[in-house]
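The structures come next, written out as structure tokens.
After this come two complexes, each holding chain A, first together with chain B and then together with chain C.
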Partner chain A sequence: MLKFIIPTIMLMPLTWLSKNNLIWINSTAHSLLISFSSLLLLNQLNDNSLNYSLMFFSDPLSTPLLILTMWLLPLMLMASQSHLIKEPPVRKKLYITMLITLQALLIMTFTATELILFYIMFEATLIPTLIIITRWGNQTERLNAGLYFLFYTLVGSLPLLVALVYLQNTTGSLNFLLLQHWAQPLSTSWSNIFMWLACMMAFLVKMPLYGLHLWLPKAHVEAPIAGSMVLAAVLLKLGGYGMLRITSMLNPLTEHMAYPFLMLSLWGMIMTSSICLRQTDLKSLIAYSSVSHMALVIAAILIQTPWSYMGATALMIAHGLTSSMLFCLANSNYERIHSRTMILARGLQVFLPLMATWWLLASLTNLALPPTINLIGELLVVMSVFSWSNPTILLMGTNIVITALYSLYMLIMTQRGKHTHHINNITPSFTREHALMALHIIPLLLLSLNPKIILGPLY
Partner chain B sequence: EGSGGCRGSGVSPVSSHVTFRTRGPGPRWEDSGSLGAGDWDGKVSEIKKKIQSILPGGAWSPLCDTSHLPPEHSDVVIVGGGVVGLSVAYWLKRLEKQRGAIRVLVVERDHTYSQASTVLSVGGIRQQFSLPENIQLSLFSVEFLRNINEYLAVVDDPPLDLQFNPSGYLFLASEEGATIMENNVKVQRQEGAKVCLMSPEQLRKKFPWINTEGVALASYGLENEGWFDPWCLLQGLRRKVQSMGVLFCHGEVTRFVSSSNHMETASGEKVTLKRIHEVHGPGLEAPLVADPSGAYFRREGLGNNYLGGCSPSEEEEPDPENLEVDHDFFQEKVWPHLARRVPAFEALKVRRAWAGYYDYNTFDQNGVVGPHPLVVNMYFATGFSGHGLQQAPAVGRAVAEVMLEGRFQTINLSPFLFSRFYLGEKAQERCII
Partner chain C sequence: MNPLILIILLTTLILGTMMVVTSSHWLLAWIGFEMNMMAFIPIMMKNPNPRATEASTKYLLTQATASALLMMAVIINLMHSGQWTITKLFNPTASTLMTVALAIKLGLAPFHFWVPEVTQGIPLTTGLILLTWQKLAPLSILYQISPSINLHLMLIMSLLSILMGGWGGLNQTQLRKIMAYSSIAHMGWMTAILLYNPTLTLLNLLIYITMTFTMFMLFIQNSTTTTLSLSQTWNKMPVITTLTMLTLLSMGGLPPLSGFMPKWMIIQELTKNDMLIVPTFMAITALLNLYFYMRLTYSTALTLFPSTNNMKMKWQFNSTKRTPLLPTAIVISTMLLPLTPMLSILL
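Right, the complex of A and B next:
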């Protein structure tokens, strides 16, 4: 694993020592090379995980997430070039450094063996993200957004620290590979209930669960584009990944404890999808759509069946790429019109036809069109939740319909219809933007040819 | 509160002995605690208020309170808070599909509206125009004014009383203008205005106080014409628009910060397009009678008062900075015409006079509505040359439609677009003030 971590850390001196006109080129090119090297991880030899050392390992669950994380860094750098044009070089380099730090911490989070290391990296990722949101966001509300983001996640994850220390004391080790096999069945006693809650709360806040989701629309909307991309694509999946890891130690208590959170996710899916239909702010719409998709993932993880785990992992990867692409598209709008209000930029298909193609593809994948991996994830989740309880098919079905409604609403509102007069002179799309969208959608479409790599360890 | 503290004791602050505010005959040392002399309850309530404002939902924010300043960013900035500006704001908020979709800011440099054309206007509304679009605008505006309490209702506020006097307009035409007047009336009837043509005998029979010398034909508006109180309309619009969430800013727009794009049109000509980024600026049934000479008058109230006036011709145009009334202008230009038309006016006495502004369009004396061809995010609604007040509701709706839908939907105002200036197509009214 050091073969990924050290090059990522060395990207920092690369940025600081590059000439001013080469910082973007250098960092983007080198991070792209590092992301290609991450594909080696796909070579999983046996049912056990690939163990690199005592501290790092990667198994079929963390591999796709890791590849996604490393793929996203060059994309984030490409997306940020435009809004940082007017900043002095030192500040640009600081921004890139924040992104690189975040990347290094995320790699270590996804590959940590020891759960305390996982926890430390999990918390440490909050700091660069907070700096990116509050320093480089656009509106004054970003301070409030940073506050919400920081404190929701922090307060949710403090009990996790206590629970992990308790586990260390009782079981003697927090090495995940050992704990999988040592896990004792948990009886339904009060202290076990609280331990279950302590373990899961951190990840439920991060996902986010419907009742604890207030930080997400604020943080996603106020963050600059790279912040939104990494939040939507990777940081939310940290919650899912953590839940997938930690539920192996919490059986059979999960069957009883999961009920309220399952109800919240099932109801929350529909609520947040409906809220999307009434949004006037484009980024806010995409943020609520993230909450809706992640609610499916939470429901899948809490019912703990093989199909649902496969669906959850597939959906995480698919949603990561789709959501990130939607945020890039919204940002390309914002850079031209300087407003996120949807009414003000309509009928763009006539002006920017190729960008309209990317909009169409992103909306179609967002509404889980066959044969994309979005559909595979959603279908597996719907089927497994149906077998858990038959009436949930009504809620899930309603959610799928409403998701289709708001995805198409977003597409039609921004692309079709009579254009407003004041977008007559918007600049045409840059090649960089087209490259960005292509690099999002090509992995997504290629994965539909071979989805088994993202279906996780239970495939 | 400083000197008020001594009020209860009746001792002035400069007296030689000082009085403390004590809570009762308690021991002295109780008052001189770490919180100073008394006022414990005040301090506790202050702390409680601070805690309550910091909790989520309170209005405290770590930045300085900027609620008195205009917002940093707004989707639409309306320059000028007169009746046309407020009407555009009202319709933008009314036609947006979701509440809060669009952020509107109205910049007005004088909140007393002392020099605004709206309040200095005579307040008449008529459908007797020659352009069908003008007639349609006035028809919708009159429907708006008649149902104003349905359009502009605000919860818990009293209903508006516009004092709409539907007494009609009476236009008098001499021999030369008679044919034009007939054609105009035909167009007006087609659009749905109720106007009737009267000969001089019918005129004498209906209004015996008129001297019909020199009048060949008269057109009298039977319904939906008259005058109303523009100040009431303005206040009603202001109150409604504030309740819909439009932000107001007291200031004057002095400059625009814009960026320009050099682009080529389809035929290869080079054009520079600009985009604005920042915005730094007149007996009981008597109608309003308009004489062919340009003088007009109407009844005002029920106490035998009349409002009359006249626009000066091009040569006599006074300095626009000066709103001082020129009394000689009345004596020489206005009064002779009024006295000739209505013999009873020979004995009239001037009680009060004021001067107002016309947004005068020197090209064809009709409004300019729609987008600017070169500045891409600027829209016009101006230049109505004396009939802006009566067309304000309909024009506001038209501009809001162009902004939100991209084209005129209810009333087609394409003759009033800016493009007519460089295409040379005048949208001229005929035989009108």
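Right, the complex of A and C next:
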């Protein structure tokens, strides 16, 4: 795993020592090369040979997330070029350094063997994200957004630290590969209930679960584009990844404890999808749509069937790419009119036709059109939740319809219809923006040809 | 102050603490405490303004009371054990009295009320000595009597300290008071683990002293004592803004900075002793501390030019303040986490 971590860390001297007109080119090109090298991990053999060291390993669950993380860094760098034009070179390099630090920490999080290393890296990702949101966001609300983000996550994760230390004292080791085999079945006692809560709350806040989701719209909306991209695509999936790892040790208590959170996520996905229909702020709409998709993932992980785990992992990867692409599209609007209000820039298809294609593709994947992997994820989740309890098909079906409604609402509102008069002098789309969108959608479409690589370890 | 006087006072200060730390006779320890206090009071009065007078008076009253209580505990111990050796105490009354006396000296809640006011009245360098050097002597005595300390008393005092340290600092804008409340909270963490694994008390003390030293040196270099003037750091010394932010986040206990190390080790040790609610409570109330460090971070490093505040802009001079060992201290207070295995057994 050092073959990814060390080049990523070395991107920092690359940025600081490059000439001022080469910082973007150097960092983007080299991070793209590193992301191509991560594709080697896809060769998952059955002989456990991907257990690299005492500290790092990779398995079919962490590999797609790792590849997604590493793919996203060049995309983030490409997306950030425009809004940092006016900054002095030192601050540009600082921004890129924050992104690279975040990347290195995320790689270590997804590949950690020891759960305490996972915890430390999980918490460590908060600091660069906080700095990106608070320092480079655009409105005064970003200060509040940073505080909400930091404190919601920390209050959830400090009990996780206590629970992990307790687990180490009782089972003797926190090495994930060993714990899978050593885990004792948990009975329904009060102390086990609190331990279950302590283990899961950190990830439920991160996902986010419906009642604890207040930090997400704030953080996503106030963050600059790279911050929004990494938050939506990767940091939310940290919660899902953590839950997938830790539920293997919390059986059979999960069957009893999961009920309130299943209710919250089933109801929450409908609530947040419905609120999307009433949003005026484009980024806020995409943020709430993230909450809705992640509620599906939470429901899938909590019912713990093979199909639901496959659906959860597929949905995480699909949502990562889709949501990141939607944020890039919203940012391309924001850079032109400096406002996130949807109705201010309407009828853009006439002015920016190729961008309208990307809007169409992004909206179609967001509403889980066949045969994309979004559909595979959602379908597997819907089917497994249906088998868990028949009446949930009503809620799931309603959610799919409302998701289609707001995705098309977003598409039609921004692209179709009569254009507003004040946007007839917006700048045409840059090739960089088209490349950005293409690099998001091409992996998404290609994965629908071979989805088994993102279906996780239970395939 | 006349350099000769200053040398005599500092020497007495150091000698007093050394006497407390190294003595094996209770009388000599008490003498060391008194020497320490007597030498520190003129140092606090370096600039004789009314604030400093008030601070010195409050310091004298609290420390003298604590020393008297200490002597009482020593005498009771003498009555029940017949000897003056500094080992664990042989009588619960003596133990309780001595714990309370040392808590007053350290500034543990509910005896913490003197710390913010005294720290506010004195110059920054003296404040640094108050919050770092003056903690060594009482903690060394607590370390030595730790087998006989009443667990309930100690835990209540430390939990209250963490709570009061977090809550009290929330409404402060004066940097010295913020550091005082941070000191109260950290003392709470240190004394919580004293009865289970005193090595971790020393580890926490070491990391705390390094972080407090770094913060005070950064303040001295900027010559700031309020949050408002600290927010001008981007103008005077831009690199220091990043380092201030990292040190503040480390004080808040965020991984992967070294301030996380004592908290992690203390939580691990407490869970090994079958206490799960106490470390969870301690960890969550430590987040109050993080809130006001975050406020400082925001105004210093994360909201930069061209966002303005009400301060006049300053000239960028070369700093004339002596801030020894600042780079070393910054590195130690932010990057020490990978060395945890070595440090938690070294002490």
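Here is the rule we use: the second predicted complex is superposed on the first by the 456 of 459 C-alpha atoms of A that agree within 3 Å, B and C clash if a C-alpha of one lies under 4 Å from a C-alpha of the other, contacts with A are read in each partner's own complex, and residues count from 1 in each chain.
Please note the rule applied: contacts are C-beta pairs under 8 Å (C-beta built on N, C-alpha and C of every residue); 3 or more make two chains touch, one makes a residue touch a chain.
Just so it is clear, the model here is predicted, and its values are computed rather than measured.
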item: Combined model on chain A where chain B meets chain C, clash or fit; value: fit
item: Touching partner for A:158 - first (chain B), second (chain C), both, neither; value: second
item: Chain B versus chain C as contact partner of A:344, first or second or both or neither; value: first
item: Partner chain(s) touched by A:131 [first = chain B, second = chain C, both, neither]; value: second
item: Partner chain(s) touched by A:306 [first = chain B, second = chain C, both, neither]; value: neither
item: Contacts of A:278 with chain B and chain C, given as first, second, both or neither; value: first
item: Partner chain in contact with A:89 - chain B first, chain C second, else both or neither; value: neither
item: Chain B, chain C and vertex chain A (Cα centres) - angle in steps of 10°; value: 90
item: Touched partner set for A:443, first chain B, second chain C, both or neither; value: neither
item: Partner chain(s) touched by A:143 [first = chain B, second = chain C, both, neither]; value: both
item: After fitting on chain A: smallest Cα gap, chain B-chain C, Å; value: 8
item: Doubly contacted residues of chain A, that is, touched by chain B and again by chain C; value: 143
item: In the complex with chain A, residue positions of chain C that touch it; value: 249, 254-256, 260, 264, 267-268, 271-272, 276, 279-280, 283-284, 287, 290-291, 294, 298, 301-304, 337
item: Complex contacts: residues of chain A adjacent to chain B; value: 139-140, 143-144, 278-280, 338-339, 341-344, 346-347, 417-425, 427
item: Partner chain C, residues of chain A touching it in the complex; value: 105, 119-121, 123-124, 126-127, 131, 134-135, 143, 146-147, 150-151, 154-155, 158-159, 161-162, 165-166, 168-169, 191, 194, 198
item: Sites on chain B touched by chain A in the complex; value: 61-63, 72-73, 75, 96-98, 100-103, 261, 263, 273, 275, 277, 371, 376-379, 402-407
